[in-house]
């Protein structure tokens, strides 16, 4: 029983960070109707920025959020503006060419990082990296708790933005009905640019938060891109609340898989759930709660 | 095939004579790999370019074919060459099953599902040690020392694959595939069962990809799940070969395959040793940049946008008004 | 106030409008009638810049509208209530209305406008917190009109506001349109409900195959044989 | 047994009832008009007949066989062809290729399909445009292509959805002629149309619906003089 609770708790904690990755992806999917196959790679870039800040300035990874998020926001904005948006006017045989473009972007990001930092594993050792607090026999890893807390805070901020500000409402409006949004005086093109920037910044936040827990290497992006859309499909595409639920579900599922199946099959658990949801529940887990 | 197609004959002649003219095993190896990619790229293109179903999971079929050949040795204790007979059909059956699951989904959702299935295959092949030997992979002893038999086998496979796909695209099936790609609803109302014909397209596609996988096992003598079931080295490479050459064309993927493999080799060898060593690390970077460039400026690939490229060379636009559809 | 001059427009490689010219004076109520596919909605979409005309000019007051990006149109003072309502289904009625007042010239007056609009549409006041997608057809149309009003337009474009509504609701919608008109808003409306709209409008244009074939006072057109023929084929 | 029949056909999208309790019969060889104001549910009826939407309740019978639940392509194979109001040309195929793809409905031989396609294209006066890519056609030719493609599947019943919308008067006349010609080959036609002088001219019988319900049925003259129809079209005063 104790093992179960322990597994469950660490699943939830990591799920909170996964939720951030999912939120970024959901925003992009909702507004642009594409899957962003560079999502994990953007996160990876943020991790390297955080790593660099730590190595050169000894900046704590959690403070590096303040650098990594804006940096990735800018990168995202540029990518959307100069590489993704222009494709809207291109007539190509495969309608998925924006998605294929994100594949190319992901490759380039990974390789540039490999060029600069080489393929070696890196990690950030902070004073609290392996410290834990105990509560009734269950251990809580400190960096995970801090990360979970920051993730919650950022999520709350995002919700405030989306629900209470005009720009945030415009983002939602554009996702729901692009034409009508234009008629309301919303510059939909600009909203897509902003959204990709925001989505990247959220991926960046997740990256910085994960750094004290994970090893870092250039190819870490790919698996996280997969996780990102597992989360979004689980949560029902374009649903922000769903992304958080999806993140937590994936976190718990992985953690359970690692404990009760094997470490190596941990990723397959996510994939299998993902496939089942994709096929049998096209609306995501959200469809279960809808009457 | 009424008129004699001189360029095609020329290409076949050059490729047939190549090992005789170029005595280097190194170059023969590069060409063998390129020919193998001709098969995979063309097979992917039948499903994606002609039928409109973008697969991110062709490694499933490649890996299945490769492991079929490998398991012939480790489990059945027969020659891996039996894999050349079994690899295609086994991959085809796998394709049928995957189609049955994934064709309920359209467009990007289909693409997503294929990534997921691909990853599941890779993980299973990694974890199920008793059956696949896991990460250690399967090692066999190659039959031939010389590259020449492999070369001609690869050339034969590439020619077979292109011919079959050429014939398919000019038959009822081909028309149905393109109709589904252009508008699935219209196709259904024309009496076309989208599900059935997508499955047929996937079956042909997975058959040839599996064949290529079986060839790879025989030629390389070693496989492991991280390579043959790889999302990046196989599935995405297949996509790159297709889109760089040009989807929905017969000659796009072959051209794409040679460009990709030659480019890869050029960089990997630091321009054959002419440039500093660090260049060799840039080959995937160059792929990525190339993809971005092609999607941005040549949405239909090198063959699909051939007329556009020609126009850049000669300003004589009027001569080239007819677009290069083949 | 609005002048459309020799506009040719269409979608992609298909031309829908041929040399369309008409005008709407300030405080006028003008109706465009015509069969399905005649190009009525295309005119509306061209005015609100959702489509760029192939040639021709559109003037609003002293400003050229063609080639102004669509998201600037509300700020000019034109509000387009599109065909099929086009609400934001997963947002509340209130949020839908707020999004109507994003343009800088409307933003500062959001509170007052909202009060005014909710007074005009008491039904929406009751449903403020409800998601727009869950409203009935009539309520959705009201919400769309109310959202259009939130930008404090000088001119409103109504595209088939009676689409799919029962006769009773249709009458309600027309009554509202007249009320809005009486508050000083210029109106250009596309409608299939010919009799009713021709009775309430000042002037009307008849559109056939993307060309304007007839123009006149509403009442006069109502008696016109050509109009009857266009709609009933007798 | 009627050639084609719907019995108490009903379709609900969520709470919205788009087609309600609609019953009508079409006799072999006639041109049957389905009219009604915008948004009255005509296209939905077509989408129900050719299996694009599942039926909520009621049934559809074609030559005595129930169509309920069959997939679209099977309904086409049974002999019901349709055109779309928003035309769906297979854009990157030529006109000829479009029609050939359709003509494969009853044959697997290239030569036969090609012959059938050429014949249909000649019938629809598209024969000189065979090599044009479908995406470059004018609206008039697109509508013709839509009809040619439906005809090439060899239908017994043809559903035409607003094939005249957006055409010039000249093109409309040609369209009317084409529809008559199709009927003369023995194909039964159900047509949805907004342009009244067209529908009044060519239909044998007309069904007028509004809010998905029948409001009048009869010959063109009867329907045109029906008070409910005039009200539905012109509104009440």
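The chains carry the letters A, B, C and D, assigned in the order they are written, with residues numbered from 1 in each.
Please note the rule applied: contacts are C-beta pairs under 8 Å (C-beta built on N, C-alpha and C of every residue); 3 or more make two chains touch, one makes a residue touch a chain.
Predicted model only: the values in this text are computed from it and were never measured.
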item: Both-way neighbours, i.e. chains that touch subunit C and touch subunit B; value: A, D
item: Maximum centroid distance from subunit C, chain identifier (CA atoms); value: B
item: Geometric centre distance via CA averages, subunit B-subunit A, whole Å; value: 31
item: Computed distance of Cα centres, subunit C from subunit A, in Å; value: 42
item: Averaged-CA centre spacing for the pair subunit D and subunit A, given as whole angstrom; value: 48
item: Separation of subunit B from subunit D, taking each centre as the mean of its C-alpha atoms, in whole Å; value: 43
item: Residues within subunit A bordering two or more other chains; value: 93
item: Residue numbers of subunit D (touch at least two other chains); value: 92
item: Category of the chain touch graph - line, ring, star, complete, other; value: ring
item: Pairwise chain contacts, counting only pairs that touch as defined; value: A-B, A-C, B-D, C-D
item: Complex contact set, residues of subunit D against subunit B; value: 50, 52, 71-74, 76-77, 81-82, 84, 88-93, 97, 100-102, 104-105, 108, 110, 113, 149-150, 153
item: Residue numbers on subunit D that touch subunit C, as the complex places them; value: 16, 37-39, 135-136, 138-139, 142, 162, 164-169, 194-201, 211, 220, 224-225, 230-231, 233-237
item: Subunit C residues touching subunit D - in the complex, by the definition given at the top; value: 13-16, 35-39, 137, 160, 162-164, 166-167, 170-171, 192-197, 199, 208-210, 229-234
item: In the complex, subunit A residues that touch subunit B; value: 34-35, 83, 86-87, 90-97, 99-101, 103-108, 110-112, 114-115, 222, 226, 229-230, 233, 262, 264-265, 267-268, 271-272, 274-275, 278-279, 282
item: Subunit B to subunit A touching residues, read off their complex; value: 48-49, 52, 54, 101-102, 104-105, 107-109, 111-113, 115-117, 119-120, 123-124, 126-127, 181, 231-232, 236, 239, 243, 247-248, 281-282, 284-285, 287-289, 291-292, 295-296, 299-300, 304
